[in-house]
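In what comes next, chain A is part of two complexes: it sits with chain B in the first one and with chain C in the second one.
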Partner chain A sequence: MFYYYLTLSLRNIASHKGLSVLIATTIGLGIAASMITYSLIYLMSKDPLPHKSDRVYHIQLDNWSLNTAAIPPDLPPEEVSWTDALNIVHAKQAKYQAANTITWGMVTPADNNIPPFLGIIRATHGEFFPMFDVPFLFGQAWQNYPRGQVENVVVLSKSTNQRIFGGINSVGQTLPMLGQLFTVIGVINDWHPSPKFFDMSLGKFYPPEDLYVPLQIKANLELPHGGNSHCWQSNIGDSYQAFLNSECVNFNLWVELSHQQDKAQFASYLEDYVTQQRALGRFPKATQNIILDIEQWLAHKKVVSSDIYVFFYLSLFFLLVCLFNAASLLSTKLTTTTGQMALRRALGASRQAIFSQCLIETIMLGCLGALIGFSLCALGLSGIKILYPEFSAFITLDMPLLIITIGISILSTVLAGLVPTIKVCMLAPADYLR
Partner chain B sequence: MLKMTDVKKVFRTDLVETQALRDFNLHVGEGDFVAVTGPSGSGKTTFLNIAGLLETFSGGKYELDGQDVSNLNDKKRSQLRNEKIGFIFQSFNLIPDLNLFDNVDVPLRYRGFNSAERKKRIENSLEMVGLAQRMKHLPSQLSGGQQQRVAIARALAGEPRFLLADEPTGNLDTQMANSVMDLLKNINDAGTTIIMVTHDGELASQARRNIYVRDGKVSEVNNADISSPAQLSAV
Partner chain C sequence: MSDTNQSHSNTMPFSRIPFLPLLRTLIRQKYTFTMLVLQIALTLAVLSNGLFIVSQRLDILQRPTGIDETHTFALTSSGFTQSFNPQNSIKADLDALRQMPNIVNAVATYAFPFSGSSEWDELQTSTGQDEITVPAASYKLDEHGIEALGLTLLAGENFNTNEVLWQTQTTKTFPSAVIITSKLASDLFNTTDWSTVVGKTIYINATYGAVIKGVVEQLQAPWDAVGKIENSIIYPRVITRNSARYFIRTQANKLQETMVEVEDYLATSNQQRMIRKVQSIQTIKKQVYGPDIGAISILMVVIFALSIVAALGIAGLTSFNLVKRKKQIGIRRALGANKTDILSYFIAENIIQSTCGVLLGWLLALGLNVFLVSQYALPKLPLSYVVIAALCLYILGILAILKPAIKAMNISPALATRDQ
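After this line comes the complex of A and B, so read on.
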């Protein structure tokens, strides 16, 4: 009977094209409005490292002065100082550990046909790459160098490799940059973590950098301090090294633990570290270390702004209005088939059979609504991409979103059609047959 | 085989209570051709709807083929209606979007026959009413008489024990009405019990048996007494 009901539904929809399209469009509009805002929330809050986000932690230490707070009312800074970054990374207490910061410098390709450009650079430790599952097209990353040691090596993004080397395997090639010669040791494949959780100083969805160099390079070549850089000491001296030796914070510190259960042990290590540093005259405030996994970190950074939630609730209200309208239109549509349903009842259809037929027709309309809704949603998201290019990399219509759209559309349509359908099922056939 | 004993039907609204049938007693035997006549509002159609299980009744007893139908649920009533009863309506009630084949197919679908069985029955019943060549036509492409023949084919396809006809010739001219009446008589001769509600005394006189309904009650009359509408109203 399912195929029969399906055929009847399609025939019925075709014979009431105008009304059917109106119903589906009404539902589609409501779906699109709510799905656009929902998809923004969904995509913004998507776990960037789903298989290990509960084992990768952002570290905050409170090296601030006794009478001030880095983040009012009394939270530690979100970045750590050079001293703490190096101490903790080289202590190797986690499976992977890496500090990172953003900087920039001139890249001067050997090929004269390629003009020099200002490269945006991420300076970090080698374990940044395996910790964040950075995919490599060619070559690989460097290992964490022993303290104070470093080589002039660079990892390129795919687009930078395309720009300088035409997209070939450039591993082993020499690249003049920052006034020195660097050896290319790896090329990253397409990689755009959204949100850019490991450093949101320039924007939560800021594109990844062009080049990656060891963190020590930043110190050795005195590269500029990018991203967030905060200090509380009034006089730290003018030299670059003075800045590095100060309590100024500029480095995002991340670790990956082997197991979630190792967190307590790592926290204990950090407490010991702070106590030890306090003995050296640092960390005047009470210990206040914060260790947040990725999900907690994203919540702390309010990646999804409250404005979007307001829009989402408004769009849900709009969907509700659309559903009431759709229910009214469905009621009208079903009224046009009342005579036919009464006849079918007279010819042997039970109420259940009529309900099934109406339900399948309603689901078909829901599918049509989903199609319209999904198309409008795609259109809306494309508009957002044009208006806000920073979102363009992460806004995609993926399969889960498609399934959610279809599911909500069908559910909404069935809900909207439930009352009219029940009315049709309960009609007395004799009243409509002469 | 169709037995109504003291059947009552009361229609109630907030303000009014109307007794459509009161102590309605009727026994229709196998192979009968019963014409039901009576003035407008006398309860003829209500009787037919109750007989066809399209309406419930307020009191009394109704047995269809020996089965008491008083307390059947919707599913059982629908099944019984589908298997034992065929309907013919005054306004044909064909589904305009479906061709003749699909129209006749409707009750067979709810019966659960496989496609081969349905095809055989549809072709046979359309053959019986002389429209086998037009099974792919839409109802709108047929005359009124032909449409009523399709409705009869639809009613017959399930091989019901009863054919309930409500003014089957009411929308037809005399020639077409006679042709439909001849068809009904042939069907009855083949063994199907027919109960026909009509205002037309001439048609009623062609039935084997006549029932006159007034004020929701039955009074049986002879065919000879109602050969004309004037005589019918005088009874």
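After this line comes the complex of A and C, so read on.
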């Protein structure tokens, strides 16, 4: 029976080629518009560390002056000072803890055929790598060094390893950079978290760094302060060490706890820490520590720009227009087949049978719409990549998106066709056979 | 209504439209009529809000910068050896660049319109902590800055060479003379007579006093941090760091070749540094405004596709109605209705449908806007955009039915006498 309905509906679609294509295209356009905007929201707010995002936390402390706010109206800064970064990391109260910041410096490969270049560097603690599940191609990261101690070690990105060492296992090789000799201890695989949740100061989708060095290297070699660096004290002096000793913030502080339940304990540790620092004359403001897990942090940073949400709502309206359009066209189409339906009813087909046949026909149109919609969606997303180059790192059409597209397309076509279908089924056959 | 009254046949075509039968027909086709009206209403809501957002983004793109955007480029020179002396390097580079025949002038500056991050100072007209302050983006330029950027001096004069301070990043000494933009001058002194502003003293960050030496027409802030993009202040300073940025203005039509020339020259003239990020200001502008250009493109595609869909829907429905009414039209023609009567019937029907859609759509447009205003801080939708979008929809509707309506007009009266 199903097969018969299928051939019947295919024949109907074929006999009203123009109208059918028009209906499917309309649905396809609506689906494509809303799927393009939806996939942007979906891809941008995708969890970067799905299995542990609820126990990896971003730490904020309010070390600002009494009468000003680091971030209006009265929020603590999003980065911490050098002093706090080191104190909290070396207190080791969490499973992993690491402060990170972006900086840069000249890399001058020993091989004269490779021109020196300005390397973008992430300076951080060794626990940065296991905390954020950074994939290693060769070697491994360094361990967190004890306070004040450090070795000249460097972890390369895959492309930097390609550039300097031609992609071989370069672990153990030496690399002249920042005016000193460094030893390569690891090479990481392609790693481009989007959004770049652990440091969004230079852009939410900023490309990955070329090299990774221990945080203490930044202080020892006085590397520039990249990213956000805010100060509220006016006279901190000119020296590099003065900046580090000041309340200037520049370091993104993250911790991973073993269990979500440990959060309260960690929060009370932080409170004690601030109280203890206040006794030393710091933290003039009331304690205002903010501990956000990755999801909360991404929401706080409004990773999905309001533009995208506006597009999304406009595209939903667009989809509705397409559905109403398809509904009236479907109604038209089904009315033209009234005679055939009446004949089938008169020959003994039940209302249910007519209904199933109409339903199959609309589902077929829905599938056609999904096909058109999906192609337009792929086309649209490549257009988005051109318009927003920074998004190209994460724009892909994955399986869930494909399934949602087909599902919504069929569902909306059936919805659009429901009223006309019922109308056709309710017809008294006699009226149309005369 | 007046089908048989021949004396009316020469009057306006719309006076012969059978309004009552027309309305009755529309009411009988409840479902398709509702769908069409809803479609037009939603289209109006999207169209008016979309056009409004597009026009706002276009305004942002067209904000005047005050600089010569078409003949300028910037580059970065990063010294990387221990012996690299930034001040000597900047002086040597700028001297050489200013000698080049294709270059109008060049200046060392980290800030220029679209350069991104910049420092903002709070300015006031008298000393004291509790005065009202006006924010201004700070530019640090030497005496060549005004010509290199292509600014227009409205009053007062340019800095002279001995006023310019060469400083490192951490030196806090403030110069005694400044040049400000006209918008900043009017914010500070509430006047548009720029010559009266020259010679007045302003206080920077409640501490440092400086005399206004000149007023330039426009100089856009490097980024819109506080919604005061036209407020800028220029200090006669050159900040020396290992990494310097040069802003270079070329003769007309020489931009491309000069960019190559300058990069080649600088790369070889001093081997202790590297030249990076050689980009024309228009390229940088495009990157900065990328999201706005993206938004405009996406909205235009949506508006265009939506118009097509709506038009196709209306056209499809009218064609279908035409098939159903063929015989009816033939009878009307046989009974004396002329071609214009048939055409005007379809047009009138379309106008009635569009009007219902527009009225409902107006409410939807305002509703959608209220939602967007509350959620995403969009400005309120002016009525004019609803009117413009409504006019577009009327025109679109008429265009969509034109082909089927003309086909209807040409239906032969003889059809009435045939069966089927």
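Everything below uses one rule, namely that the second predicted complex is superposed on the first by the 433 of 434 C-alpha atoms of A that agree within 3 Å, B and C clash if a C-alpha of one lies under 4 Å from a C-alpha of the other, contacts with A are read in each partner's own complex, and residues count from 1 in each chain.
In this text, contacts are C-beta pairs under 8 Å (C-beta built on N, C-alpha and C of every residue); 3 or more make two chains touch, one makes a residue touch a chain.
In this text, all values refer to a predicted model and were calculated from it rather than measured experimentally.
A simple residue count on chain A separates chain B from chain C, and the partner touching more is C. In the superposition on chain A, A:Thr108 contacts chain C only, with no contact to chain B.
In the superposition on chain A, A:Arg345 makes contact with chain B only, not with chain C.
In the superposition on chain A, A:Arg11 makes contact with chain B only, not with chain C.
By the touch criterion stated above, A:Val310 is placed in contact with chain C alone, chain B being left untouched.
In the superposition on chain A, A:Lys423 makes contact with chain C only, while chain B stays out of contact range.
Legend: residue contacts after superposition of the two complexes on their common chain; A:Asn325 is shown touching chain C, with no touch to chain B.
When the shared chain is aligned, chain B comes close enough to touch A:Ala353, but chain C does not.
Across the complex, chain A meets chain C through its residues 19, 22, 26, 29-30, 33, 105-106, 108, 116-118, 179, 238, 305-307, 309-311, 313-315, 317-318, 320-322, 324-325, 327-329, 331-332, 335-336, 383-384, 387-389, 419-420, 423.
Chain B contributes residues 45, 49, 52, 54-55, 74-75, 78-79, 81-83, 87, 89-91, 93, 95, 97-98, 106-107, 109-111, 154, 158, 166 to its touches with chain A in the complex. Contact residues of chain A toward chain B in the complex are 1, 4, 11-12, 15, 339-340, 343-353, 428-430, 433-434. Note for the complex: chain C touches chain A at residues 31-32, 35-36, 38-39, 42-43, 45-46, 49-50, 53, 78, 80, 82, 168, 170-171, 274, 276, 290-291, 293-295, 297-299, 301-302, 305-306, 309-310, 312-313, 316-317, 320, 368, 371-372, 375-378.
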